[in-house]
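Take a look at these structures.
Two complexes, one shared chain (subunit A), two partners (subunit B, subunit C).
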Partner chain A sequence: MNRRALYAAAVAAAVLVVGAVLTPGLASWPGLRAVLVVASFTGFVAAGQMLVVLVGGIDLSIPWVLNAAAIVLTTTSLGASGRLPLALALAIGAGLAAGLVNGLGIAWLGVPAVVMTLGMNGVLQGLTLGLSQGLTCDDCGHYAPSPLRDLFAGTVPAALLVWLGVALLVTVLLRLTVFGRRVYATGVNPRAAFLSGVGVKGVTVALYTLSGGFAALAGIMLVGYGGQASLGLGDPYLFESIAAVVVGGVSILGGRGDYVGVVAGSLTLVAVTTVLRAQQVPEHGRLMIYGLVILAILFAYGRERAHD
Partner chain B sequence: MRDLQERLGYLVLAATAVAYFAVYTTSLGRPPGSFDYLAILNTTMPLVLVAVGQSLVVITGGIDLSVGGVVSVCVAVTAATGGTPGWILAVLALGAAAGLVNGVIVAFGRIAPILTTLATLSIYTGAALWILPVPGGSILPGVRAVLSNPGVPTGLAWLALVVAGWWVLRRTRFGMRVYAVGSDETAARAVGVPVERVKAGVYALSGLCSALAGVFYVSTTTAGDANAGAPFILTSIASVVVGGVAFSGGRGSAMGAVAGAVALTLVIDVLFFAGIDPLYQSLFQGLFLVVAVLLGTAAALLARRRTA
Partner chain C sequence: MTVEATGIHRAFGGVQALRDASFAARPGEIHALAGENGAGKSTLIKVLCGVLRADAGSVAVRGRVATAFQELSLLPDLTVAENLLLAAPPRGRLGLVRRGHLTAEASRVLALYGVSEIDPRSPARDLSVSQRQVVELVRVLATEPDVVFLDEPTAALAEREVDWLAGHMRRLRDAGACVVFTSHRWREIERLADRVTVFRNGTHVATRERLTEDEAVTLMTGRTLDATYPDVSGIEAGEKALTVTGLTSGHLRDVSFDLRRGEILGVGGLAGQGQRDLFLTLFGARRPVAGRLLVGQAERSFRRPADAVRAGIAYVPEDRKAEGLLLPLSIRDNIALTTLARRSRAGFIRRRAEKAEISGVAAKLAIGAGRATSQAAGTLSGGNQQKTVMARWLLADADVYLLYDVTRGVDAATKHDIYHLIAGLARSGKAVLFHSSETEEIAHLCHRVLVLREGRIAAELAGPVGDAEQIVAASIRESADA
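So, the complex of A and B:
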């Protein structure tokens, strides 16, 4: 594991300890559990964002991939538990498909990642709004099937186990498989990776596809948490996913970073917001402190190498 | 071929203008009149200004996500103080200072532009909410008559000023250095270009452009909103892209970005007069963005094949 991921873990621990001192509720399991659950949503989108950042890319289509998947889930499951497997498959499938198109556009057509994913975000926003008639369609008001909502019940919500599963999956994929080595090789130097036989284009397509899948997963989990889909559900996650990735010690230039760090980064961001809310800091104060915290962390371990 | 890509903005603008004229005339049975042109001019001015600033930053190989925050805070101050000439000058200084902070952090703090401006976006947006918690405020009618007069195309004079400003800047030593830093930072450093100061300068200029955009925004809408700036983040990036400015830096011009910004505004009108359901609007904007860039790439490829 790289050094920056350790720093990220230390920062998350420090923020949680300071938070627990300021807000005694945070020191209890229910308090910590609430932070963990909210952080898991950031963790899901950040998993995808991290994968594309590792090869020097970026995914700006996360907000509406997430939102589209959330609406696909409610409109296809219609609140019925029996239809949940189909709905899950369609929602995740939609996310993977959007990611696949992103990846193909970037790797094969040579469209810059910013343009391709920004365009995809617009396309999905238009499609989602248009097809659901601004979320006024007959099937749009359905609640999430109860098994999905039950993921958030209990002393140890199953949603946290899903996050643990994602963490294991991403870590194993990146650290213990040939594919993972290819990802880092591509991120460090795409040209060198290509010359040594790495299918750089294939790797890129796979990563954007996965990112779409993770954004869809976040959308599904958010519907389970909130009960219903809403418009703009994904908007906060565009910049939050990027922030979690870099606070987690992943280099924005690619080639360096671990998901453990991103988990810590997600926790840090959510814990900061939670503590500020608990301290009844008004929204403008929260925004400013949030930005200052990110800046401070960037200064601590997010700087680039000096020139010559 | 290189020229073709850099002229992408003008080609796209010409095509969009033709489409606008055709769609307007067929749907209303008469060609657009002076009132329509004036409305387009006044609504597009803020985006044009932000896009100019964004293009300067992108030409140096950076990106400025904080434009949303700077526009918001400048809108907030302008509206909250009633937009007297004295306060407008203060707002312009404020915008330039906010941009300079970005530039100093990017250049001397060696933090990636996307991350620096992500953090300051949050800080500036918070400041805007602090100054103007609820939408409102006002602007002096006299100022309004000079900036975005609803009866006289004063906006044209300001647009001409922007074009003239760029024309001069492009020919100054600073302007040359902006391109030098963007095309090859190491080489620029080697020949004695003060890379850090150039970078700090472009972010300050971007802040100044965003401040001007904020003032124009209040002038056109006659009130302020602390969230007014948020849409400009992605639209300014889209303008720059459509305008043929390359994200790799060193290529393109602010005039291309101006053309891109006007084209993006016109597209909304084209969709409206073509009778497209507004809910699908972002779908077409997203496609427009990707297709414009793909056409640019394809044209460049074809030209290269022919010369090879």
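So, the complex of A and C:
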């Protein structure tokens, strides 16, 4: 495992320990559980973001892919448990489809990733607002079916097990499979990978598709957590996903990084916010400290490379 | 002494690149720096010109210094003119760059150094490797330095351009400058150098005015090598492995030939006559405009290299750092890349099988002298890096090997290993298409030689040709007649 993933884990632990000293409630399991649950949403979107960053790409369509999936879920299930499987399939399918289109545009049409995914974000925002008519219809019942809400109940919420599953899946995919090797090869040097017989375009499309799927998963989980979908639900998660990826030690240039680091990155971000909130630092102060903590961590990574 | 360094130590991580190294060069001499890959030549030059700081020792260099580094440093998106005049562009009254004067000024500089075939307006990325090297050298020469360091200046150059560079090196020397260069081609060192310094394992071994190639190889490697080129004349050619008809692609025009199993077919000619397009097209990395390709008996059309790999074709590129290796990844990952699917079950890599197979081939080729295959490929010396790329394709067990300038910038001992590897491939019934910027290699190693000129096959010579002059003559005959 790479060294930066350990650093990120150490920072997350340190922030939580400091938080526990300052705010005794945080040291309890309910306190910690709350941090973990909130961190899981960042963890889901960051899983997709990491996959595309590993090949030197970026996915800016995460906010509205997430939001669209959330609204697809509530509007097709209408809060009824019986319709949940279909609604889940549609929501995840919508995310994968958006990711697939992103990937095809980037790999085959050569559209720069920033432009392609930003465009996709805009298109989905328009589509979602238009079709949902701004969620103004009163009797539509945009509520989460109860099995989804139950994911967040209990001493160990099932949502955390979903996150654990995602972590295992991504780690196994990247570290133990042929596909994973091809991902790192493509990220390190696409030309050399191409000339070694790696289907670079296929790898790229698969990764953007997965990123769309993970964004949709985050949308679904947020609906379960909040009980309903709202517009603008995904807005914080663009910055969060990128921050978790870089704090987690993934090279923004591609070819280097693990999901373990990203999990640590997600925890760090949420821990910082939680501690600041518990200290009743006002909003503007929170934002500034939050930004400074991220910069400090990245600065430390920059120093580390200078020593190599 | 214009250049004097004593007791230099320099380490990268745990690797000691220079240990107690010393070097001295006088004004008015051409001084060659010889040694295998990893001997510390490039590091020494970087320390001498101040790019790297020594961990210990003293360096004294007197006069204006200019350096051409081994890694080309042109900015790919700027034009030739902008690159040439990057340090001191023509300026107007407000200190702004006078863009209108750039091209004219660059043309003047290029003409002054006898370079006519490079358009100063074209972006550097559109130039061939050899043209980029020429621009880089003109940029260095144009500063009229007192001390000039040239690290592997001829690795990317064809014969004619080497002559051009030799002329300028001599002119600088005669004007009293100190010229230090490195090269893996002994003929150039013999021809140009007034003195030769040999490095081995990061330290000075000898400085001589006269040195034969055999002595030099012994000094560089610490051992003696048998006859340089293996004998390939006894290998029987088998059935056709590759049949190319009317291939047109990039610079290539209507090229037809066939290649048999057990045959090493050379592709010669001056640099930039379509050799690269031929190799890339056969490997599916470039789509042909016209032409047919039979692999064995089957007609094929490749849309990407992965198709060519499946059809049993291997390609070892010239630029191992940019096109061959994944430098931060392990030696094992690099070797395994092309054959991953073969050692997998349901998409999962069988790690034990992988480790065994990769360690086997790495040991067979003596990659990194017994170093663990879990180390990053970037820590290997140039020769070992090239062997790593070769190992990847040996594992692929292809029928046709396309070897494009595989000995470029590789030390004598590794070159020797690679020659024997190529002969071994032919002997085991593989078909080999071989291009090298060193015509000498093509002359000695190939059963047959195709000479390309302006994208067409200008001559076919039966081999082993033995005499590089014949190939060179065929490369330029038409232009000499005209």
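Definition applied: the second predicted complex is superposed on the first by the 296 of 308 C-alpha atoms of A that agree within 3 Å, B and C clash if a C-alpha of one lies under 4 Å from a C-alpha of the other, contacts with A are read in each partner's own complex, and residues count from 1 in each chain.
Just so we're on the same page, contacts are C-beta pairs under 8 Å (C-beta built on N, C-alpha and C of every residue); 3 or more make two chains touch, one makes a residue touch a chain.
Just so it is clear, the model here is predicted, and its values are computed rather than measured.
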- Task: Please work out whether A:Leu164 is in contact with subunit B alone, subunit C alone, both, or neither, and reply first, second, both or neither.
- Result: neither
- Task: Give one of first, second, both or neither to describe whether A:Leu176 is in contact with subunit B, with subunit C, with both, or with none.
- Result: second
- Message: If we overlay the two complexes on their shared chain A, which of subunit B and subunit C does A:Gly199 touch? Say first, second, both or neither.
- Response: second
- Using the touch definition from the top, say if A:Leu118 reaches subunit B (first), subunit C (second), both or neither. first
- Query: According to the contact criterion defined above, which of subunit B and subunit C contacts more residues of subunit A?
  - Reply: B
- Query: In the superposed arrangement, does A:Glu283 touch subunit B (first), subunit C (second), both or neither?
  - Reply: first
- Please work out whether A:Arg191 is in contact with subunit B alone, subunit C alone, both, or neither, and reply first, second, both or neither. second
- Message: Per the contact definition in the header, classify A:Leu86: touching subunit B only (first), subunit C only (second), both, or neither.
- Response: neither
- Contacts on subunit A seen with subunit B and repeated with subunit C across the two complexes: 308
- Note on the structure: Seen from subunit B, its contact residues with subunit A in the complex are 63, 65, 105, 109-112, 114-116, 118-130, 133, 185-186, 189, 195, 234, 237-238, 241, 247, 277, 279-287, 289-290, 293-294, 297
- subunit A contacts subunit C in the complex at 176-179, 181-182, 184-185, 188-189, 191-199, 201, 255-256, 308
- Message: Quick check on the complex: what are the subunit C residues that touch subunit A?
- Response: 13, 283, 285, 304-306, 308-310, 315, 317, 322-329, 333, 336-338, 340-341, 344, 347-349, 351, 392
- Query: If you look only at subunit A, which of its residues touch subunit B in the complex?
  - Reply: 58, 60, 105, 109-112, 114-116, 118-127, 129-130, 133-134, 239, 242-243, 246, 252-253, 283-292, 294-295, 298-299, 302-308
